[in-house]
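Working notes, structure below.
A, B, C and D are the chain letters, set down in written order, and residue numbers restart from 1 in every chain.
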């Protein structure tokens, strides 16, 4: 890494600080022990050029960040490549819509930056799976080259590749909660895939984004629960590619919970032959032995309150009386381990720092 | 009343059924015992001409109304005067923005309809108080004539006038909760107005309307409380005119509660001379002796859960040890007694029916 | 039915009015058009003898019932058989814990009353399934006789038997939402049971009862979601017996939602051969053709807000691209169609009234 | 301070870690930069001797603390003076009921510890104000001596005294939010006290404690708002003593909000002569110039979301058109600046550390 050759401290930048994931990134990076003295360059929505010209205090957008470790002095700027160049940004976080990330990442790489993209723009290898995003660059050689460089940024699965990546596709929030819970079991071959895996997932409202819509109106979201994206949610492709399944082998249904943040996924699968509680516990523990941000529950089940506002993914499970069926409960904070926290985890790996630095 | 001369059943219409108050009106009117067999004509937002052309099932907008007492067959139409005329509408409810109500009411009166307007368009007699609405008709003779006809539709205060009104200005939700609690005391002259009355009011999110905004986004409204409209809320004029106060004699602060519906107003006032709990209780009971929709609490305080989804206004109070100060708690459902329920109460009075018919 | 032979109006009684389901029963019965003039006899918790001696106003326990259709005058009494006899109670609702219902029902039958029991005491035919309740009467001939008389009170499945029953075991709330959604499909033989049915169910907090516990504390329930009773919930036996499944053929996981009321069950199943959306829609519509309280969604999915505070069960579904998998969403209000509403539906059948009277 | 004379690191202990404030204290102290390497001794409820014998992992009570900075290894012990002595505890936090604190504090002082008490046991100087707590030691010389030593632990008012205190009475949560907002204005003599100050305060449910009660049941607290303790709340004495008011000069009404945490107090007062926005802003800024944990808003009002999970008190205000009336909005997190955060702020002062260390 060129980084390690110099003594210049890392200069990060965050595009899209005005959104929920961007705000969490701001919070994490400002307090990151390795970035003390070199706060990130904060950029707003790329379409907000006028409002942000000359910069506005970050605390106008996020009052809760005011005066805390000097964040009150930090400013939010409009996007230009020149602004990033002036500040010698070497690592760029994209907390932008997937269409924007699809456009911005190749240019950033060309300009020598490393990119951690929080959108779905670069997560999927298969053209077929990617179709759901309707990118208009599918025939472009630049897009194809860039895509081939992208590393799926789930440290628990791809730690080595991430360390050397130039473009990291930070995983989807639902996908993270499901892949972490299912992959260790499927990997060993004990899961009967012909019966299909069921992933019944529930997410807080921050997952639906900051733009006010009928769906995110308090009157609709409160005192309610609704399923959506049935058989069609965008994160499905990540499940197929990362776990290694055909589309018939997993059924994923997201639901909108009346809470601000947190995901709980309930996973149902069958084993070829009976498994004991202990064998499954051992299997999880071995799989995550080197993973500081995954907590395996010995005898209880995680709840959303256990992970909200933390960077952990928590996993617990029950085995049926005859050992042939498992119910796994997987929880995380959709804005942290499901987005900004995992992005910082990837930043740590990129720079050879402790994987959980600034995250506990 | 021409109505009483004929045997033709009453034909009502509701403009603005797509909003929260309009939906509650639809629900109340469909089940109103006096309107069985002649359901209201339902009209959407006046700007939604295309979407509603030819009518759509009401249950598409309000699924919870489907199949219930035949509401599933009711249709929602776009607005034209001709449509109302074809159906011989004689009573028109306006659940429309105040600008629209200000335009529509005079025309409806001209066409011989009686109008119950749920907006703030016609509530205020004083030009000065009305300035907050910025109507562009202040110099118009038609507006002035219409305004002079308008009756403030609070049955507990203006029962007799309402019975003979052509245009009823249905009160604001906050104003209803405050006026009902304060008027009986101020009326008697026992309140020391020089010390000022404080009205600290808290409302659920439905009071902020159905349009998705940053304020009504679940992420802002949930787990939060905020004051707004400090020294400037539109309902202040109603307080001044109906209670009979100068602007210096009452301070009104609304707050946004993280709940769907309900208002609780906490009122603070001082007496010239000491009052006993019993004297105040008697005073309230006498004032509301003929009012079936106001409940006076003998020894406890009302809470929002006591009134949510009911048409009641509940009032309780405490007197300080020396009898010189009172704290009054006044609760109602902002969409019912604070809007649609009070509108139906006015409809009942207009037609000589029992004041609480269809409301208990 | 002896009832129809006389002209004496029906006299009902409710035991356990202090709980949530009991309160909903009170509300429904007080407004039931067939019971006007003969309000139910209201009895509190059977252990509350002292507090209720001589009766207390019902509105002390349920302030929201005060003054509404005279409910304010209704009184809540302590339990004695004599009190029921004096009032000539002929139909007794038990909104009591299952241990109490197991004791009280045989005695009530002996005294000539008909019983609608809302607890789990009499729902299960199989001794093995019943073991979860740990009744200490398993060897008792009286219990066995009574059990053999009990009819599972789901009108959509057992309408004819319910009409002639003396003891109705009102179904569990989760069980109702799952059975109504799954039974019509399993019945036809199209479901591949070897793959197993998954029932991922989520319920509001009222399902956990009125007793304050760590689980129902606002601080635990709010901003949270938790799974519980994994592989062990009491309602499982109802699923097995009523749908006709072995315990390996269905996996049921309840979750606690941070909302007051409502259940949403997401059901996953596989078909032997591909099914079209239309064939499944037809199948549901035919199954529920005579059922006024089940609403089948043509093209969307129900949400909890569609059913909260109603007596309906709403069912919607999606079929996978190849027609081999279905996801069904089933919603109801756990206190109404899942408890008190279904109990009144059973009362209606018992008396030959319209099945949905007093419920729309 | 004897502390500064030695190089031994500070050894703290927390009694009552099982409650909400105790848990927040645990979280703050474990991460406090000055306590790295010497985690606090954690003690449970003083009546939980058996359950905690030998100690249990802290994460059993607070799963969210597990594995975070080693907290997973920390243990929770039962209370004995010997246990504290063995660990050379020099600073004892009491997160205990006021009766317990009243008993324990004198003994702890005798044993040479400094005490920071989070209960109401030692906050009130006046016997009359203290009557509300019904201590049975009012005639005891030891209680009187101890009381005379107690310093009201609000750093913004009593910074110098706190630095040298042996017993700190950490302020009440409501009292903190009100005193900080009102004291700076009353101090200058501009407030017309004859008109009375109104403090309408609203708190999240954590303020009601961890014991499950009818009041803290989700079904009561959610979708509700209720006033309580009208004219009688225990924190009133703190307002009188710290602001310097007679009981007739302030009216304080607390309300229970349907949110987990946070207090918003809306304060109403009148000035003798007109004040400008700027003069009030200057006055606040000067008063809090040396106070890092109070944030004064220049032109907007604070909301609960701005302070939840922070250690700040936020203050904003509006002045009426004629400058004679002010509405002040004061927000804080009841468990942090209103309890545990302020306790750590006091710890910092006691030890000559930066007042906000470990709190930003």
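The definition used in the following text is that a contact is a pair of C-beta atoms (placed from the backbone, for glycine too) under 8 Å apart; a residue touches a chain by one contact, two chains touch by 3 or more.
Treat the numbers as computed from the prediction; the structure is a model and nothing was measured.
J.: Compute the centre of every chain as the mean of its C-alpha atoms, then state which one is farthest from the centre of subunit A.
T.: Result for the farthest chain: B.
J.: Any idea if subunit B and subunit C meet via the same residues, over half in common, or different ones?
T.: Both copies touch with mostly the same residues.
J.: Where the CA atoms of subunit A average out and where those of subunit B average out, how many Å apart are those spots?
T.: Taking the mean C-alpha position of each chain, the two centres sit 47 Å apart.
J.: In angstrom, rounded to a whole number, how far apart do the mean CA points of subunit A and subunit D lie?
T.: 37
J.: Taking the mean of the C-alpha atoms as each chain's centre, how many Å separate subunit B from subunit D?
T.: 42
J.: Where in subunit B do residues touch two or more other chains at once?
T.: Where subunit B meets two or more other chains at a single residue, that happens at 222-223, 258-260, 305.
J.: If you look only at subunit D, which of its residues touch subunit A in the complex?
T.: Residue list for subunit D touching subunit A: 63-64, 66-69, 223, 295, 300, 302, 305-307, 309-310, 312, 360.
J.: Within their complex, state which residues of subunit C touch subunit A.
T.: 194-196, 198, 200, 202, 220, 222-228, 230-231, 248, 251, 253, 255, 257-260, 262, 264, 266, 268, 270, 301, 303-305, 308, 318, 320-322, 324-325, 327, 329
J.: With touch defined as at the start, can you tell me which subunit D residues reach subunit C in the complex?
T.: So the residues of subunit D in touch with subunit C come to 20, 205-206, 210, 212-214, 216-219, 221-223, 258-260.
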